[in-house]
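The structures considered in this document are given below.
There are two complexes below, and they share chain A, which is joined by chain B in the first and by chain C in the second.
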Partner chain A sequence: MRQREGSPFTGLSTVALKEAADHMTSARIHLVMLLVLLTAIGAVYAAIGQIRDTVSEDAFLFLRLFSTAREPLPSFVAFLGFLLPLVAIALGFDAINGEYNRRTMSRILSQPIYRDGLLTGKFLGGLLVIAICLLTLWLLVTGLGILLLGLPPSGEEVVRGLAFLLASFVYAGVWLAVALVFSTLFRSPATSALATLTVWLLFTVFWPILAPLIAGALAPVDIFDPTTAIARVEVEQVISRLSPNTLYGEMTLALLNPETRSLGLVFAHQLSQALIGAPLPVSESLMLVWPQLACMIAALVVLFTIAYVAFQRQEIRA
Partner chain B sequence: MSTVIETKGLVKRYGRHVAVDGIDLSIGKGEVFGLLGPNGSGKTTTILLLLGLTEPTAGSVSVLGLDPLRQPLAVKRRVGYLPDQIGFYDALTARENLNYTARLAGLSGAEAGPRIEEALQRVRLGHAADRRVATFSRGMRQRLGLAEVLLKKADIAILDEPTSGLDPQSTQELLELIGALSREGMTIVLSSHLLAMVQTVCTRVALFSRGRIGLCGTVAELTSEVLGGTHVVEVEANGVDLPAVLADAPHVVGVAQLAPGRWRVDTDADARPEIARRVVSAGGALASMSIRQTTLDEVYVRFFEAEEGKQNEAA
Partner chain C sequence: MPAHAVFARTPFKSTLTGTLLAVGLCLAPPAAHAQLASDAAGTTAQSPSGLWLTTPYPAFSAPIGEDVTIDLSLANRGLPPQRVALSVEGLPEGWQWQIKGSGKPVAAAIAALDETVDLSLQLTPPENAVGQTVNFTVAARSEDGAMELPLTLTLTETMPAQLTLEPELPALRGTARSTFDFQVEVANDGQEDTVVNLLAEAPPGFQVSFKERYGSQELTSLPLSAGGTKNLEVSVDPPENAEAGQYPVMVQATGGDASARTQLVLDITGRPDLSLSGPGGRLSGEATAGEARSFEFTLENRGTAPARSISFSSSPPSGWEVTFSPERIEEIASGESSSVNVSITPSDQAIAGDYVVSVRANGDGASDSESFRVTVRTSTVWGVVGLGIIAAAVAVLGVAVTRYGRR
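This part shows the complex of A and B:
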């Protein structure tokens, strides 16, 4: 095979920084960010009220900020699980097809860069914006907590908070990659936006309904054989874990509630001599979420590869 | 004159459709080379192949001695491209747009600043440098695209339909700019279906038809090859049989009757005195006579008529 010369990443940082700058100044992102910011602050404020009312003594008061819900508002974590995909979709749905529609694609690719640089740059630019947004949110919540609860987070809480931040980042990255794939496959930004939103709706709303149905069909329960019931639950769990939302939910559960000992079925004999309700150390919690995190990173890489292959094979002329 | 662009047997197929079907081109340094042909005859595909933006199905391309497939970055650093229907980032100003491409081209901020300024002045967009491109007219966008080519200080500029959609004045300005660049030693390849415009600036042209080059050469060569003459004389005269009278006249290559008493005479020089003398000496009454240079449009129409004829015969 003949090899092409020069680094595939020429111009990568230029593209990434330009994309990030574009996002930061676009009205679309301002709106989505405003939405996220307002809901997040609302959720945390409500959580603080709830914590003041109910909890007298808790070793992980600060983490409760993220995971406590007060009717009718969901918790901060639930909000993020719902809204982060929306942010990522807003960032990525017209990444590639937008360039075709503005007729800038051939002009940009006639500059001395490879397509690799353009695609990767766009992805990194989106990730950069997500990272900035998440870090801001996290710091805001922490700051609110310190101000309103009047106590600083412990070292362990900071570590768990950072791990939660990383999990949220990867989760948003997966959705950014989904948007990127559709923006490469469809030439019209409206189509790609709708397709991405459909996938988002499927996993957010319908997947929790579908998973038990599919599991019921795949692994019917025989009432005389208890092992079939276990099989059924396990199948259901596997299916529901195909959704990044499930993985993210499990990760936040294990990271923000140190008492979480397992993300699957737990049998009575496994709990013998266990101190129910005693928190796990950080390292154990991290071990617990490691498979989930690895799966999400794998999903991100696979999706990016699909976008990459599709983009490399595309004809430049529209 | 050294060759800067060379293609051999270039073929590009999209599925079963053949866009480019065996093109051999050789373009020398400093030339203004025109790719002419109707829409869909393979001009843009050829340009994309030259830039390495699409892979040929067969054949080879060499630009400045480099292979655009193997060394695309080196080629694209030295070749400027003005695409058909150029687009910019509307939310950015002209200067910001150029700054982005300058950075992609690998220029540092310190290098890029003066170059951008110079390029914008050159295309007379200095006054609009800090306006958002969304407010630009078609002609201004086209000029901005040319500024981008200038900015790179490219050895070769490839312009795809640079004048399409421009008003006559903008077209004229653009052509003057192209002429000036060519005099500075830049090699220019431009594609167009507006032949009259091409005629004035191109040193050589290639006529495209169905993915092949039908004819290639200077405008004068083409007109004499296809039409036999470089000038057209229209003669109005009474009481004379013009074809017979001009049968052995020098410089006359063809006579065709347009209407009773009106003929079109193709010549390869200004043969008016000779024609007048012969008409009068044959006893005819010469009513009027006009001369003009043969235009590429005529070459084009005649050439494609002949092609169609051949096709029909073959079928």
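This part shows the complex of A and C:
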């Protein structure tokens, strides 16, 4: 093995910006973003109506904008939890195998660009598009809130909103990494898209059903021993937290509802003389979601590593 | 008809020929009377029979300026009813008189057998009659004869109103927060009605109010008839910061020229008053789960007496630990303050957020408690663990890059 010459990141920014530009002009992304935009605006508009009708005074009015639902529409957060993976999958499912199919891979790599740079650039390009979309959405929602509620957000609300933005970004990044892995593993874009959608369906739809079943099998409850019930709940929580959707849901709950004091099991003695309903300081809410966020960042890095290893080992003369 | 009356009637008709007698009988009560009778004495040991015109006080004095009313009674014992014409004789010039029976002016009366008719004689003296002594007679004429009742009236100067104030319990003891209620009787010993004004002289800050006993309305003055009395309640409300000691309150009643005063004494005993306040006057603080945190509370005695043997207690959430240093303060003088360190250790299982810990100081006769709000922060260990997880993932990536990044 010879030592690599030059920086592995040569051409990284070129690849990333080109990838982002390609995405921005592709009809596929336009359609998905239109879907997200319309549902988001609908949800927020409904939430504002609900807030106007029911809330007289609230210290965290802008956070309610994200989390308030009005029948029949789900809340903005629920929409994001459902649609962000779709956006990420649309961005990433043919990132690598698309190049093979268009027979452009060898042409790109004949340029002075390392494989590292190509893969990282593709990933960063997707992340850039997601970041732009999310920031636009966030600003749109906040602007709608200011316009229709007639109030500016407080500093704490801005901090919590930005933390929520970061959490959404990492969540979408995880799904982008999943899509990237499958696009590296499978040569056919249809297969990789189906595989990614399968994982997405598994975690979005079936995981909440599977988690109690698996937990019941792993930790059976003895009705004469209450500690087994606690163990069962804890095992179930651990299993359900394998899903990025659960982690994202917990993060948005803690960030957008400052009254949330704990995301795990809480015993009555821990709440004795506690002031229920008193909001947590921002720093404490961030401490609360930090494990979830750290796990998602770690998962993102590990998934990217898998894609990286798979891509590096691939035969590309095709 | 009783036998003795018949017996008495015969001698009356046969022997009496209009003789007028005014005698005192040994059997009769010691009262002035005019009797028209037949068997004056001696005839019998039975009760006397006849017709009398009497009054309880035949010689008396009356204050000038008012009508004089004299009670008369016409009594008949054992005689048939007969008409008696009434008149007054011997009054000087300028005097007016009127005899009334049952409220109406009358000129004659009939006393039934063994009955008494009550009459009253009303005299209106002239205005300049001070010091005069008037002798006059009330004359009663019946068909059988006439009776005279001599009376003597001396007109005197009226006695002016004279007031007295009599406290039932002139000295009371209590704390600065209690209300002192004195029962005082005001009496008018004179012969004139008057209106009494009530005044009080109290040390500054003391509120004095007058009330009727069992009444709720405050009074400033009250009418008091001659010889009348009234029970008053004098409420004194001392200021809350009054030092321990004795405070005199002068109560004065004035009506016309008369006045009376009496002294009431309030004996105020001091009491301690504890006030607990958190660090810097705040009642909230932050603590980390499982770690002790010390807060300096200030205990102030705002009362008027020293607070003694003060101990501390708290009601923390379960699993929490609260200790006090010092655990006990022997004495805090009035107006002084002392600090106490409260060490609060939240349970290591406490979840983040706000909790209420109530802290209490108990002294002799005084106590105070405060609800202290503790914001629990969770330990940052898990933050470091999260960073460690990310670092591990990045390390894996690094290994992958060094292993496969050479193509």
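Following the convention adopted for this analysis, the second predicted complex is superposed on the first by the 316 of 318 C-alpha atoms of A that agree within 3 Å, B and C clash if a C-alpha of one lies under 4 Å from a C-alpha of the other, contacts with A are read in each partner's own complex, and residues count from 1 in each chain.
Everything that follows uses one rule, which is that contacts are C-beta pairs under 8 Å (C-beta built on N, C-alpha and C of every residue); 3 or more make two chains touch, one makes a residue touch a chain.
Note that the structure is a prediction, hence the values are computed from the model and not measured.
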Chain B versus chain C as contact partner of A:Gln270, first or second or both or neither: second
Per-residue touch tally on chain A - higher for chain B or for chain C: C
First, second, both or neither for A:Pro291, with chain B first and chain C second: second
First, second, both or neither for A:Asp22, with chain B first and chain C second: first
Chain B versus chain C as contact partner of A:Arg261, first or second or both or neither: second
Contact residues common to both interfaces of chain A (with chain B and with chain C): 2-4, 114
Partner chain A, residues of chain C touching it in the complex: 315-319, 347, 349-357, 373, 375, 377-378, 380, 382-383, 385-387, 389-390, 392-394, 396-397, 400-401, 403-407
Footprint of chain A on chain B - complex, ascending: 14, 44-45, 48, 51, 53-54, 69-74, 76-77, 79-81, 83, 85-91, 100-101, 103-106, 145, 148
Residue ranges of chain A touching chain C (in the complex, touch as defined): 1-4, 8, 114-116, 261-262, 266-267, 269-275, 278, 280-281, 283-284, 287-288, 290-291, 293-295, 297-299, 301-302, 304-305, 308-309, 312-313
Parts of chain A lying in touch with chain B, wherever the complex brings them together: 2-6, 10-11, 14-15, 18, 22, 25-26, 102-104, 106-114, 315-317
